[in-house]
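In order of appearance the chains are A, B and C, and numbering begins at 1 in each one.
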Amino acid sequence: MRAGVSFGGLLAVVLVIAGVAGSFAYLDMPLGALFSGAAAGEIVDFVGRFFPPELAPDFLAKVGWAALETLAISLVSTVLAAVAGAVLALPAAGRHGVAGRVAARFVLNLLRSVPELVWATLMVLAAGLGPFAGTLALALHTTGVLGRLFAEALENTPPAPAEALAGTGAPSLAAFLYGTFPLVAAQWLAYALYRWEMNIRMAAILGFVGAGGLGALLYFSLSLFHEAEASTVILAMLAMAVAVDGVSAWLRRASV
Amino acid sequence: MGFSLEGVGLTHANGFRALRGIDLRIAPGERVALIGASGAGKTTLLRVLAASLRPGEGRVTLLDGEPWACAPAALRRLRARIGLVHQSPPIPPRQRVVTAVLAGRLGQWPLWKCLASLVLPVDPDGARAALARLDLAERLYERCDRLSGGQLQRVALARVLYQQPDLLLADEPVSAMDPALSELTISLLNEEATRRGVTLVASLHAVDLALRHFPRVVGVKEGAILFDLPAAQVSDALLRELYAAEGGLPLTGGLRAPEPAETAGELPPLRCA
Amino acid sequence: MSTAVRDPAALPRLGWTLAALVLLWPLLRLTDFHPVALFEAGNLTAMGNFLAGFLPPETSPDFLSLLGKATVETLAMATAGIALSILLAVPLGLVLTRSLSIARLGPGRRGWIGQSLRAVARALLAVLRGVPELVWALLFVRVFGLGAAAGVLALGITYGGMLGKVYGEILESTDARPARALLEAGSGRLAALCYGLLPNAASELVSYTVYRWECAVRASVVMGFVGAGGLGQLMDQSMKMLNGGEAASILVTFLVLVVAADGLSELLRRRLA
């Protein structure tokens, strides 16, 4: 588009194409079979078994209970992570010296790099099957994410208000809460709400590894070939995600 | 309860030499104005007096204590007795006026009281009284981002009034106010200092305000004290020298060409833009 | 000052605090919140034995070659998944872009066709990305059997939904005037896209795609938990057999992979910015 494509750009395009082609070749995807008539018939048959969704009252009650559990897991874990993330963000933003900064960043990166589901398998070992393991798993991963985002917000905050308060002898916690926190509060809240939206989706599938919520129900339904029940659970997941998105957007607007 | 600076010099981290050989002794209850061109070192001097900047050389004695010889706890107690009004009010925009004013006493309150006041202001009457003196009482529960620049500056003043410090410092406290309000505000600061018998040091851009309201005027130029005189003895010639050659010819030492500055012979404007 | 106004925020704050406390209890009950369980003797020994097994990590050649294969499979899954999702996202994203609507130019006769098409595309994208990728993977495993194919398709569908929405948003927010001018001059939609919108939007589009690839690497790491191949499957097996040494090696591989994808994506995006 501009005056000639650079060599680097051309190389990048070639590398990307080679990477994609190599990936498909390595995975040996049965692409032909996927789009053949037989496969299509099979898929239509499979999809058909999901309709109509199971609407028996006692199953609906079960789904409702699991949905509540999922909501609780997502909320409690996000709150825990916001608190822990805030505590770790202070050293990670360099407020307690270089050593504290390096140590806090390392912890945050470790927490963040291990996926939620892997944390969940570990937490199931540590705390037993159930929603508590799921809550801990989500809280651990989210602490890593929020801690890093919180620390970035802190680093971009003007230090003058807190310094002025420290200049009148305010204790450092008070100077932070009166001088810095009001500056970052809205941003932190937006980050926490955004993670809540992610966590409601994650909480819904943690049940796959035995960590409570809707996922366990889905896993059982599919294992027992009760596709109609599975379809109800998936609809419930969708509804929860949409509802949480709505509440989160409303809270974000209200907090400005 | 006054303070003294002996041979104080300070070089900023970026290598800029902000203060050199400052000797200044101010008695308890004195009221002093600092004047000088922008960048002359007034703000740095005030921050040294507020015990928030540690000078590289010289000796600082504040309120009969040596801030840089004290233990951290003692330094905190000393700072709680010093109030500094900053040039641009360091107040978070989303904070409410009442909280911003009450923050003046964070250094004096126990921690639990600081925390409780965040949830529910512990002394709204005290904050309102301080604001009332600046004609802002009705804004008590508003958020600071709803205020104009001049109003915000008055909130910062109310914070220091509420703090009731023994050493009252102000860095261009009226830079965002109109002339009439500036006049009132400077009177108020002087009245407060006289009534409580505390020391007041204010840097001012408007020389006429300084000369009319303060018994003693200190002229600061290029990080050093050019003159330190009773207001009545500050002559036009001295003022011309104080404000001359700002960023002008690369002259050194005492030799100075006559500077046809645009404000020569005139006082700088009452209000800084 | 006689009219002491009550703090207008006091009641709402009290209400919100009470509401939060009232909500907290059932939430904690629902999540079965009992931190003590972490320190129960049974759980402690189970976890302790497992963690003790972490050292030394498994490094036998057989296992390492298995690990290497799974790692390559994970990366390939992410890359193929993203390629598939782009195939899905581009047409849907373009349908969403109103700047490319010819009907909006002139007196709208057939505008309703475009509008309903956009509504359908938007709903389709919402469903595609509304169902988590692991649920899609779980479903596809039922149809196509265990293996990476299910993971690729799941990634393609979920990320297709996300990319399609964001592509549409990026194209919508770029300056529409060049494209409009081209359309008014009678050019086709594709030409208007290539010469009117892409020059301004290209770097943002590519940058977001690279970011999504990074996310896809993370996601494909766990696909194996539902039987869709890659590192996750290996992890699942090791965890089920409580083989700490293998789990440690896999975890380290996870970390390296995620950090490397993170770094590569950041590097690429910085180059593009």
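In this section, a contact is a pair of C-beta atoms (placed from the backbone, for glycine too) under 8 Å apart; a residue touches a chain by one contact, two chains touch by 3 or more.
This one's a predicted model, so the numbers in the text were calculated from it and none came from an experiment.
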Chain nearest the global centroid, as defined over all protein CA atoms shown: A
Chain pair, A-C or A-B, that carries the greater number of C-beta contacts: A-C
Computed distance of Cα centres, chain C from chain B, in Å: 53
Inter-chain centre distance, chain A versus chain C - centres from mean C-alpha coordinates, in Å: 9
Cα-centroid distance, chain A relative to chain B, in whole angstrom: 49
Residues of chain A touching chain B in the complex: 160-161, 163-171, 173-175, 177-180, 182-183, 185-186
Residue ranges of chain A touching chain C (in the complex, touch as defined): 1, 19-20, 22-24, 26-27, 29-30, 34, 42-43, 46, 68-69, 71-73, 75-76, 109-110, 113-118, 121, 125-128, 130-132, 134-135, 201-202, 204-205, 208-209, 212, 218-219, 222, 234, 237-238, 241-242
Residue ranges of chain B in contact with chain C within the complex: 96, 98, 119-121, 124-125, 128-129, 132, 137, 140-141
Chain C residues touching chain B - in the complex, by the definition given at the top: 1, 4-5, 7-10, 13, 17
Chain B - residues contacting chain A, complex: 50-52, 75-84, 86, 88, 90-95, 99, 103-104, 106-109, 111, 114-115, 118, 163, 165
